[in-house]
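Listed next: structures, encoded as structure tokens.
In the two assemblies presented below, chain A is common to both, partnered first by chain B and then by chain C.
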Partner chain A sequence: MSRSTPPLASRGPRASAPPFPRWAPWAFTAPFLILFLLFTLWPLAQSLLLSFQQTFGPKSTAFVGWSNFRFLLHDPLFWQALRNTALYTVGAVFVQLPVALGLALLLNHPAVRGRAIFRLIFFAPSLVGLVFVGIMFAQIFQKRTGLLNAGLHALLPSWDPEFAWLDEHVMPSLLLASVWLYAGFNMIYFLAALQNVNRELLDAAQLDGAGPWARFRHIVLPEIRPVAAFVVLLSVIGSFQLFELPWVLLDNSAGPANRGLTVVMYLYQTGFLVGDLGYASAIGWLLGLLLVGAAIAQMRLNRREEN
Partner chain B sequence: MRRLALVPLYAALVTFAVLTLIPFAWMLTSSLKSQHDFFTSFFLPRGDGFLGVAWDRLTLVNFRRLFSEFPLGRAMLNSFFLASVTSSLATLACAMGGYGLAKFNFRGRTALTWLVLGALIVPGSLLIAPGYQLLWQFGLLNSYAGLILPALAPAFGVFLFRQAMLNTVPNELLESARIDGAGEFRIFFTIVIPLVRPMIGAFLMITFLGAWNNFIGPQIVLHQPEVLPLSVTINNLRGLYATDYGLIMSGTLVSIAPVMCLFLLLQREFISGLTSGAVKG
Partner chain C sequence: MSSPRPFTFLSPGAWLIVGLAVVSSLAYLAWPVPSRPGRDFWFFSPPNEQHYRAILEKWNAAHPHDRVNLVQIHYQALERRLVAAFTSDTPVADLVETESLMMSRAFAGRLEDVGFVDLTDRLHREGLWEKINEPSFSLWTTRGRTFGLPHDVHPCLLGYRADLVEAAGIDVAQIETWDDFRRLLGPLIRDLDGDGRPDRYLLNFWENNRDLVKVLLLQAGGDVFDAQERVSFDTAINARTLASLVSWVAGPRRFCVDARDFTAGGDQMRIEGTVLASILPDWQAGTWKSNLGPLSGKVKLMRLPAWERGGLRTSVWGGTAIGVTKAAPDPEKSWAMAKHLYLSPQVAESLYRSTYIISPVKAHWQLPCYREPDPFFSGQPVGALYIAEAPHVPRRIASPYMTLAMERLMSVLVALKAHALARNTFDAASLLPEAPRRLAEAQADLAAHIARNVLYAAAPAP
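Right, the complex of A and B next:
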């Protein structure tokens, strides 16, 4: 970037520059400000109100106090949704992110040729929208005709070609699809962080006899910690909002016995299929509080590890 | 010896690359096969053509059906319209907002910056229900405006542009332009925008992808079949023709090919813009 553009010498001292007109900063921030007030802040306040109401479609409402929240805490479907969502989040952080970091470490090896083409291939799935991933993988996971069962059966004849990925093993299926979809995306962040690691320090440590794990643990990991914390937080927030992928994968449903029900899917079902926007808002607020809690917990944890 | 050490490295990379590409290859070959060949072969139908593949059995019939029997051409136009309008206007609004926060010292700047940061953590799903009610009140349900307007000023975009402009736009340049008598908007469009060009490219791409792949939004806001974008149209198509695998796969292929091409054109700017905020931050 042309950061070095010099100030023109023939101009007078800096103090003589005319000040910007007072309206200028407001004119530039106005589009954001107006749209933010209208489409974020106002609905946010509305949703707080709505969460204390029972509604039938957008037209009729009745104030019901805390009963939405009370009902929510004893709603077995909500707890099932929360359990599924938490399980998926754990999978995203402990399976998908390590795969992403592994890919980045492989690609960052100084001797690798063709880095650009590998990076392009690994990144390509993140361009595919969740709906399209859902449709593709719904076919791949099919019992007999799906690529996964047919391929596994061809490689290992003992594999059951009727293995019911989308009936009894919804969470592993979701995790597989999400590794395919997101690992390459998160790899980009790890790769950028790894490129800042001091190569000379690594070489010196190797000469001193430090093995690959010791070098990773004591030199690489401390250096990439801030980016890793950022990626973990993004993954947790993203995973908690999981909806479209299982919804499409399970053919516009929560799957058999609600095995693929997630919190946002439950919000969508109660708000738009049942028509109770009030209950849906209560679910949304509980989810929002959980996310803020997760963000604060993660920042605390990170600060403690840094000290 | 060092060469030999590279073998497992490449083996791992190539394995992952193949695993990543298999679903794409499967989609491509499925879309070119008849229903019969779909069930009898993994990828390409076996025969006695070149490389043992029956090339003459491949067919474009799925694609032809897609555009003649179903409103896929219209859906594609709808997607293009929605994604290009949303991405260009959102990029403009976010670049302006970021510039206002990064390069002007004014009362209220700190408060506005905190507002943007706070908006970053509002989960989108929280806004679905009240947003629907709001659109209903404004009479914007079943209109493109109802889909485009709420997506025009994402806080993370304002924040990204603020971060980029803090460092890459020198204050001296803005001051000397003011001495020369340039207007504020002229300064923005002729000096500031060219300086953050890579960020503009990356953000255009991000917002285009977001609008193109948006599924819940159009599913909730739009009701008439002829205005639906590809994401909802393909999902509806699958609901009706679930076992017509070749047709579904060709529809999916047609839906993701345009964004793939766009990405290949913009990839360098996209990846550098994507990570600039995270690493320099």
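Right, the complex of A and C next:
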């Protein structure tokens, strides 16, 4: 018997039968589905249930209805955490991403030599773990002995060597550390987008007398908009999940007067330091809803701009 | 026409993957899990291993059917494992050496749900309550029940640069209060490099140092919870203490500097003399000796200056205890092991010699090692100095809300400093009207947080 596949017309009544049994797709996706069900969907459902419960200690649980959510809406610490997180997000979008785009524009310039090595140098920080970055910047921001204060004092004797980066300027310190960490990572996205910008359009614009800013604004920016939108969305989601960097940078705390308190940090504190997993779940769900809202808003905004 | 071959709906490669998955799953399920005979003892402090190992080896040789396995686990991993064990019944050791914050978290919930065995009756029945320094039990006690056998006392003294202080002709015996300390040592605050800013301060303290704020608050007689474990921010002592602390770190009479412990920068500042004195619990005296070699023979210890004349000359910082978990199959044997280890004079001496930590067992305070002069501390008998303060250390309250309470208290202190800077008024008296207002706000905020916990209200303190 020949092993070659018969032509479709000669397959007879079984010709339309799929090449695999019906259960085959389920068998192939089963490992993922089982794990997803066990470790994502089920905990998600459990956390939703928990958010309507009060937990305290190992065995004590009580159903409290909407109480956790009601209290959350009036909890000043939650609002402070949300404010801090939003501030960091704004900083990430308006400081970190322009820096990343600037680096990408520099590296995309034909006059720059050794682009590969610069690309590696700028990207390298994002290969380092967040905890390491936190520890390193905690040293850099130290009063008197930290690299930043000691260096600035040496350059400008009027600079206060006790400038309290981590006490009174928590958010700028966090942003500085995050720029160092993520700018190179986001630069790669921008660089890839820039390399796909139509050269002919740029050349034509230049011939028509458009300057660098005009070319950037009217050609480059519209061309890289889809990638930029994606990077902004990633940054917003990542910023709202901020936890490890400030936690380590601020010595396992939210910093003086909770200046570094983020939503996820507050979730951790209530859930794992106080033991109120119900309240922590409520915070988690509210955060999830906020992120979904942000994603939808951005998608609509993009769609409107595309139209 | 022959029937289609079976199994051909998958390629050979796919079958190989399926086969590997099946075989590896079966191997995983059938693989025997190695189990250690005997009971496990988890601890987190690396230096403790050497003290415990010698004792446990002898114990294991004498009790071959009741072996104890010493397992060192990183502090945070130990904390996570304990939480997991108490909430989800995951495997846990029979004996666990735990630290204060870890234990206070274990106190969340009803008394009968605490994952450690209640030791209160045994401690009284066996006379250990009298044999051990009594304040050392406070951290391991909630709602009148004690769940840990204390490992230490951790009284505080003041470590200071004797070389610089004595060269200036200052007699520290004249210092009785913090005001004396500021007045007598004040002339040593100096601008050494001529840049118009002081390069030498008197005390290592900053308003964001939670541990030190707590130490000083306890010394003053304040705290964030009262004896019934109720929030108690808004007290006259707390207000007075916080107002004073602001004047320590801001304004023209500032005498403190932020020379963080356990940081290279802080150690450099201590060695260079940027800071003259630090509050030192016994364990930190050991850290100084191992980390600050260049200061050997240049530092001395003295009693803490009091907040007012006749006031407390010490405080307390940190703490460790051993607890028997309820998962232990034979709690009596575990308890016997815990006592054997913690009450051993051999462990007490070994612990002191390597870390300066003094034993909470009063009978051990007679050990000669505590009276030996130490060259690092300019020939002072370090152990004897700490032991003299041990009975006076303040009692502490253990609460699952301690972390949140301290966060709020620290926010009050930071806000009070901002208030002082905004109004350019730094003396404690002028800050006193503002401090109670902010403390009352913080207290109301935390009390509301605790009040919504229907389970905490269901199990009130006696």
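As a convention for this text, the second predicted complex is superposed on the first by the 283 of 307 C-alpha atoms of A that agree within 3 Å, B and C clash if a C-alpha of one lies under 4 Å from a C-alpha of the other, contacts with A are read in each partner's own complex, and residues count from 1 in each chain.
Operating definition for what follows: a residue touches a chain if its C-beta (ideal position, glycine included) is under 8 Å from a C-beta of that chain, and two chains touch if they have at least 3 such contacts.
Nothing here was measured: the structure is a model prediction, and the numbers come from that model.
Enquirer: For the combined arrangement obtained by superposing on chain A, do chain B and chain C clash, or do they fit?
Expert: Pair status: clash.
Enquirer: Have a look at where A:S253 lands relative to chain B and chain C in the superposition and call it first, second, both or neither.
Expert: It touches chain C, and chain B stays clear.
Enquirer: Mind working out whether A:F20 is in touch with chain B, chain C, both or neither, as first, second, both or neither?
Expert: both
Enquirer: Between chain B and chain C, pick out the one touching the greater number of residues of chain A.
Expert: Per-residue touch count on chain A favours B.
Enquirer: Taking the superposition on A as described, I'd like to know which of chain B and chain C A:L194 touches: first, second, both or neither.
Expert: After superposition on chain A, A:L194 lies in contact with neither partner.
Enquirer: Which of the two partners, first being chain B and second being chain C, lies in contact with A:P76: first, second, both, or neither?
Expert: The answer is second: A:P76 touches chain C but not chain B.
Enquirer: Check the residue A:D167 against both partner chains and state whether it touches chain B (first), chain C (second), both, or neither.
Expert: second
Enquirer: Touch test for A:F56: chain B only (first), chain C only (second), both, or neither?
Expert: The second partner, chain C, only.
Enquirer: Once the structures are superposed on A, label A:H109 by its partner contacts, choosing first (chain B), second (chain C), both or neither.
Expert: first
Enquirer: When the two structures are overlaid on chain A, which partner does A:Q139 contact: first (chain B), second (chain C), both, or neither?
Expert: A:Q139: touches chain B and chain C.
Enquirer: Where does A:F272 make contact in the superposed view: on chain B (first), on chain C (second), on both, or on neither?
Expert: both
Enquirer: Applying the stated clash rule to the superposed structures, which of 96-104, 132-140, 258-266 or 312-320 from chain C runs into chain B?
Expert: Clashing stretch of chain C against chain B: 258-266.
Enquirer: Intersection of chain A residues contacting chain B with those contacting chain C?
Expert: The overlap between the chain B and chain C interfaces on chain A comprises residues 1, 20-21, 24, 31, 58, 139, 145, 272.
Enquirer: Provide the residue numbers of chain C that touch chain A in the complex, in ascending order.
Expert: Touch residues, chain C against chain A: 1-2, 9-10, 21, 83, 86-87, 105, 107-110, 113-115, 195, 197, 206-208, 210, 257-258, 260, 263-266, 268-269, 274, 400-401, 403-404, 407, 410-411, 414-415, 445, 449, 452-456.
Enquirer: Provide the residue numbers of chain A that touch chain B in the complex, in ascending order.
Expert: Contact set of chain A toward chain B: 1-3, 5-8, 11-12, 14, 16-18, 20-22, 24-29, 31-33, 35-36, 38-40, 42-44, 46-47, 50, 58, 103, 106-107, 109, 111-112, 118-125, 127-132, 135-140, 145, 147, 150-151, 154, 180, 184, 188-189, 192-193, 196, 227, 230, 237, 240-241, 243-244, 248, 251-252, 263-264, 267-268, 271-272, 277, 280-281, 284-285, 287-288, 291-292, 295.
Enquirer: Okay, in this complex, where on chain B does chain A touch?
Expert: Interface residues on chain B, with respect to chain A: 2, 6, 9-10, 12-13, 16-17, 19-24, 26-27, 30, 38-39, 42, 92-94, 96-97, 99-101, 104, 106, 109, 112, 115-116, 119, 121-134, 136-137, 149-150, 152-153, 155, 158, 167-168, 170, 172-173, 175-176, 178-179, 184, 188, 195, 209, 212-216, 220, 231-232, 234-235, 238-239, 242, 245, 248-249, 252, 255-256, 259-260, 263, 267, 271, 274-275, 278-279.
Enquirer: Name, in rising order, each residue of chain A that touches chain C in their complex.
Expert: It comes out as residues 1, 19-21, 24, 31, 54-62, 64, 67, 71, 75-77, 139, 142-146, 157, 160-162, 167, 253-258, 269, 272-276.
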